[in-house]
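Letters A, B, C and D mark the chains as written, and numbering starts fresh at 1 in each.
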């Protein structure tokens, strides 16, 4: 309850309430806002090689950090509005992935794996 | 260091290392994976009215929870790989929004606000 | 060969060649650019009700038109680079949908249908 | 009027009308459907290197073709519903890009260019 994600969610609730914006913060609208921000994040990497993306210059990294902040904001707000614990939900998916992707069978290979694998 | 997001990031590091998948987890690739998962999340809401999206039946909510888990997984992994603290980045953006969106000026209105406002 | 989509594809080829940008126009990169532009398009609608989105004011419509132009540009370029005929591919999917969604069974209902239905 | 995009748009109108799905086909909803399909398209390329994405095996290419068909379908439907001519809108953006990106200044460089450049 007093962890950092919960504190962020509470700040977002108060931010919305102070502006009477709760009416706009339906899950449908927040999912769209999240998609818009993820689009901006993806755009930062679109012309970089994978290697370049792993070695960002300070200006690009600052923009990436800013976009990550926007994405996290809408993701936490959306999860709060629908009543989902993000970290629990992530661990539940990882439990599935642990079972599905045997380390020995899938080692070093995105080929053997379905599109969503690594 | 011992908070829940850090623990999730550590689990994801180990998951990737055990499969030798670190080579696939460049920021570019992870941003794409994030975009793919957000697309699945958006699809859950696409034909619902905003009101319906705020009152999900249990089966839809279970799928939304699962998609939120996938989105959180890739977002935490991407932030870890580029070395960004997601919660700090979110608060930094909210500090900006607090300055930009005066509660009295923007109350109840998405109209006065730019597209990214509420 | 002389239809309007082919002419657009040819213009895009020449645009890229004149700037030696073909090296950046891999399918992976173009798919990311497409995702970025679709994110901007979605953002235009995020705080509107469905009804408002169907009755856009002239300024919003102008921005939507501009974003649609960007999306079409990258989609046509990507299809050209991978050698897919977009209109044929769309009709092939519609042939499937015609078989899958019997008009009498699915009439007026997004409920009976899977998330991707209407 | 009788070109191939217009014929596709007309087929989509009739598809929606036959199922009484026009009520779901608001610009807001269609933009979400488009984002969902683009997410699936991006996912096809997420673990491939740029070079691999330019040399797809037949099975991956078939999936990419199918996803391109879905993306084109929703893009044409959305443009039809808001009354935008996609090809005209794309050429208008290219006219801008022709002015903005001087071939000599931007040759071979995504670096000099803003994120959206190539």
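Keep this in mind: a residue touches a chain if its C-beta (ideal position, glycine included) is under 8 Å from a C-beta of that chain, and two chains touch if they have at least 3 such contacts.
Note that the structure is a prediction, hence the values are computed from the model and not measured.
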Type of subunit C:subunit D copy interface by residue overlap (half), same or different: same
Chain pair with more C-beta contacts, A-B versus B-C: A-B
For subunit B paired with subunit C, centre-to-centre distance based on mean C-alpha positions, whole Å: 24
Length of the line joining the C-alpha centres of subunit A and subunit B, rounded to whole Å: 3
Residues of subunit B whose C-beta touches two or more other chains: 24, 28-29, 31-33, 35-36, 38-39, 42-50, 110, 116, 118
Partner subunit D, residues of subunit B touching it in the complex: 24, 29, 32-33, 35-40, 42-43, 45-47
Touching residues (chain side subunit A, partner subunit D) in the complex: 28, 31-32, 35, 42-44, 46-50, 110, 113, 115-118
Contact set on subunit A toward subunit B in their complex: 3-5, 8, 11-12, 15-16, 18-21, 23-29, 31-36, 38-39, 41-42, 44-45, 48-54, 56, 61, 64-66, 68-73, 75-76, 78-79, 81-82, 84, 86-94, 97-98, 101, 103, 106-108, 110, 116, 118
